[in-house]
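Structures given as structure tokens follow.
Here come two complexes built around chain A, the first alongside chain B, the second alongside chain C.
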Partner chain A sequence: MKLKKYLTLTRAGIMETFQFRLSFIVMIIGNLLYLIVMYFVWSAIYASSNNDIINGMAFTDTLIYLVLATAQFNLMEMYIVWEIGNNIRSGRIVLDLLKPIEYRKYIFWLFSGGVVSHFLMTFLPTFIAVAIATHGAISMGINLLYYLLSVVMAISINYSIEFIVGTICLYTESIWGINIMKQVIVLLLSGATIPIAFFPEPLKAIINYLPFQSIYNAPLSLLLDGTPAAETVLSTLGTQLIWCIIMMVISKVFWKVSLRQITVNGG
Partner chain B sequence: MKRKGLRFYAKIYFKILAQDLKSKMSYRADFIISTIGMIFTNFAGFISFWVLFRNFPSINGWGYYEMLFLYGFSLISLTPVQCLFDNNWNLRQHVYTGDFIKYCFRPINTFFYYQSEIFDIKGLGQLAFGLITLIYSWVKIGLGFTPLMLLKVILLLISASLIMIALQNAAAATCFWIQNSFYVLDLVFRLKDYAKYPITIFNPIFRFIFTIFVPIAFIAYYPSLAILRPNEASILSWLSPVISLFFFMLSYKIWMCGAIRYSGTGS
Partner chain C sequence: MSEIIKLKNVSKEYKSVNHREGFIGCLKDVFSRDFKIIKAVDSISLNISQGEIVGLLGPNGAGKSTTIKIMTGILKPTSGKICVDGSIPYLNRTKYSQKIGVVFGQRSQLWWALPLVESFKILKDIYQVTDEKYEEIMKLYRSLLDIDALLHKPVRQMSLGQRTLSDILAAFLHDPKIVFLDEPTIGLDVSMKAKIRTLIHALNKEKNTTVILTTHDIGDVDALCKRIIIIDEGKMLYDNDIEHLKGFFGSYRTLKLRFDGNIQEQATHIQEVLSDFSVSVDDEWISILVDDEKENVIDIIGLLQNSYNIKDMQIEEISTEEVIKKIYEERLQ
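Let's look at the complex of A and B:
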């Protein structure tokens, strides 16, 4: 059973999160506080404007978009770059490479437990809370299914990007710098800090050709669109799928090539 | 034991600082990448700011240049914490592994010794970025310039940075009690992003929280008010140096209380 060995890793991950209950609670409270602050900032921003709808987004749309972007960030951010980087620094990576499982898969399944527990403990409650708070501004239809599908692909793309950036650590021995660059680029160009709809046209055109908008903007715009046209859904999900495959191939090939580079001191 | 003077501590500080810089220089690639990463962060922050103001000309009665002033002010006041107190981020690891005990055995102030160990040069990029932003908005608003004003702004900047230092000290010190303080630190780190908004956008409860408990309103809003709109400034703006000193001392006491309580791991 191939899947069984992966799921064992997932279970271990879930158990690990619940081991640190106190920090988990602190995280949930902190998140709540952060979301409330976000609510105030954006309601003030919208209140200062003369229009109710800006760039095709009403206040509730923007709020849902940004709140769920934060929830998605918590769900997807697995600190893979730190894991790989620290393992390279300490030399422990040798032990992981010896395991009878591909390293890329191993790390993914190792962290999948964290994703599952975050989904249940933070993502779902946030989703329900924002759905209630905005009085049904999220239409509950087929778009939920699209959203779910889209998030799964977003997780995959995000993981590939993290893995690529983690691989760069083999060359640079820099973790903080590499990681912060990745985070800044991904969060800005994916629309996680400010919805893509707000960006000026030329910038939007460039962003559309990059993989990052598939991580946050694509799933969230599918969710907010209550009556999606088949065309939009197909093109959005199709673009995501293509990026999914491209990034996966790049991360695999890059890792394979880079592995020859590895130098471990003792270990 | 005789109390050691300021000169003694200054001498030690520069000795430790030189050691730290030497060790940083041996990882030159890491240093360069981290610096670029820091510039990226500031640049991305500015882009989000700019995109936001393209769509909304003002927030709660605060125009573009006034908001830019707040933004620049917050960047500068966040520099000292980045440069001088960055070791707080490692505190939880030191405590967890037991390394922290080494700081307790030195015949100098534990807090001083711990914080002086790391000097983060890349924070200086942020300082430059903040200075440019502040001066640019200063000129655009037409605030004029007198030596007294310069003195005022420097004093206010110092007190604002003390607030952020205090917040980070207190957040880091939680690890003496709850082991993993990462989420507390991370929350403070994320909340500071909202320091650049006028406190008036929040409802009274949060205004109270951000003034008394998590005093991020003192990082930019209250001190800036004393310069931008002296007529509107409340007593809190003028008292901010005293208040920040109080918060700093409080955080120092909390930190030291945790350090004294620390009993090591036995290894």
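Let's look at the complex of A and C:
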């Protein structure tokens, strides 16, 4: 009964995304253009190098990584910051706060529908296309299961970060700048735009202590590493789990404190 | 009747930035800000019983919405006690929200892209309404209006009136004890307003739901509320029946007269004779606002008949609207 309360929001989210068929087409075209640009950028990079393998990655490895990173981006980007920011601006947040569900959960489940539909409409086709086109560069074994687990945690971490940034909107009342900043930081430091292998050593060391690499780098490494050692799997998933919990707690506490701010000072 | 809403000396203060003027002032604001404290709600006490429909009136910015937000638990009062149906609204909001329904006239809680029935189903699950209860309330809705035409229409294609109607139905769906309606008839045409009033009235009667309503439309108040509360500058000016409102200033009536001759001159002259009352002139009529307790209308007519040749006359009861206008304008205590 309790779960139904949340799943109904997922269902609504799926129905709502399917109302806008055109957005899938636009998204696919947009991704294609992005990937074409990436193809030429990286082929130039590889052409200018004397080696076929840079930082342990061949050209096709890099390309596969980027295609899947893009697909994963579409899968889990929920644009929560926009949603929260706009709700704050328009005052609609008042109505959402008066629902018998915690706001943090409410927004998450509301957008989980989008994740499900994007999984079906963009992620799965892309994944299958890549698997076929590369003739088995992605090994189809236990790594798929690891990847799935890893992505679920990545979604949670990503959501917490977005929710924290969305909460900042309560104070600043502006959305655009903050959202762009978040986007750039997350996409760069998580390894979504450039594989982390290409980063200079000192930066890599820092990134290891940040939550962002758990969002893209961790699941994609698990997927692309055909036969990962048990140790690697455990440490990767373990790190993710820890970040998952830390970010969840931070976002919860930050929201609670901020909400007190509104209830005291008015919205 | 049991009292469901209790407010005692509730006040709400805001800190607001004193913005300086001009470009230089704007720059100064970045570095130092001085705050002033605004009392949005100032020591309001009231008790509302189960099943009442109460109209909350007041000019723009009077503190009506703040009062509603305090009662719904979105705002925590700066001082004073509030208790709604045994719980303190701002403490356990998630649980409290099960007991209340809300409609904010300008915003919709419905799912924009989906047909109305889907929104209802979502709300049913969120509020954990059982199937039987849901069927029961839908049956009630069907008996009140032609809801089937609305159910399968996406909310974004609805007119403002249909959407407001749907929002009201959505607010009553989980059978809340109290429903807050913040300007439900704003921007609607006359027939839609009437429809919405009938609906609110019927739902209040069927479910014995307490309804708190803010509005600028006196028609809403006349049609729905037995009791009204007038707030201005955060203070409660009036809390009583509508009938009493008219007697609040003594019983006023407007006497309208038409004479032969120059209307302006006559008006000035009448004002001199009847210095106690306010006399105004429009194109054809001279209007005298008469306080029945001071002087009988008939006596005034008699008095004027001696010196003028009355061609035509009308006596108008003062309307609720005029009384409220007077309250707003005079800010009397």
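Simple rule for what comes next: the second predicted complex is superposed on the first by the 255 of 267 C-alpha atoms of A that agree within 3 Å, B and C clash if a C-alpha of one lies under 4 Å from a C-alpha of the other, contacts with A are read in each partner's own complex, and residues count from 1 in each chain.
Heads up, the rule we're going with is that a residue touches a chain if its C-beta (ideal position, glycine included) is under 8 Å from a C-beta of that chain, and two chains touch if they have at least 3 such contacts.
On a predicted model such as this, the values are computed, not experimentally measured, just so you know.
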Q: Scan A:A12 for contacts with chain B and chain C and give back first, second, both or neither.
A: second
Q. Looking at the overlay, does A:I132 come into contact with chain B only (first), chain C only (second), both, or neither?
A. neither
(Q) For A:L95, using the defined touch cut-off, is the partner it touches chain B, chain C, both, or neither? Pick first, second, both or neither. (A) second
(Q) Taking the superposition on A as described, I'd like to know which of chain B and chain C A:V26 touches: first, second, both or neither. (A) first
Q. Is A:K4 contacted by the first partner chain B, the second partner chain C, both or neither?
A. second
Q.
So in the superposed three-chain picture, is A:V41 touching just chain B, just chain C, both, or none of them (first/second/both/neither)?
A. first
Q. Given the superposition on chain A, which partner contacts more residues in chain A: chain B or chain C?
A. B
(Q) According to the stated criteria, A:I54 is in contact with first (chain B), second (chain C), both, or neither; which is it? (A) first
(Q) Contact-wise, after the overlay, does A:L120 reach chain B, chain C, both or neither (first, second, both, neither)? (A) neither
**Q.** Overlap of the chain B and chain C footprints on chain A, listed as residue numbers
**A.** 20
**Q.** Complex contact set, residues of chain C against chain A
**A.** 12, 14-15, 40, 66, 69, 72-76, 90, 93-95, 97-98, 100, 102, 104, 107, 109, 111-114, 118, 121-122, 125-128, 154
Q. In the complex formed with chain A, which residues of chain B make contact?
A. 27, 29-30, 33-38, 40-41, 44, 47-48, 51-52, 54-61, 178-180, 182-184, 186-187, 190-191, 194, 197, 201-203, 206
Q: Using the touch rule from the top, collect the residues of chain A that touch chain B in their complex.
A: 20, 22-23, 26-27, 30, 33-34, 36-37, 40-41, 43-49, 54-55, 172-174, 176-181, 184-185, 187-188, 193-194, 198-200
Q: Would you tell me which residues of chain A are touching chain C in their complex?
A: 1, 4-5, 7-9, 11-12, 15-16, 19-20, 90-92, 94-95, 97-102, 260, 262-267
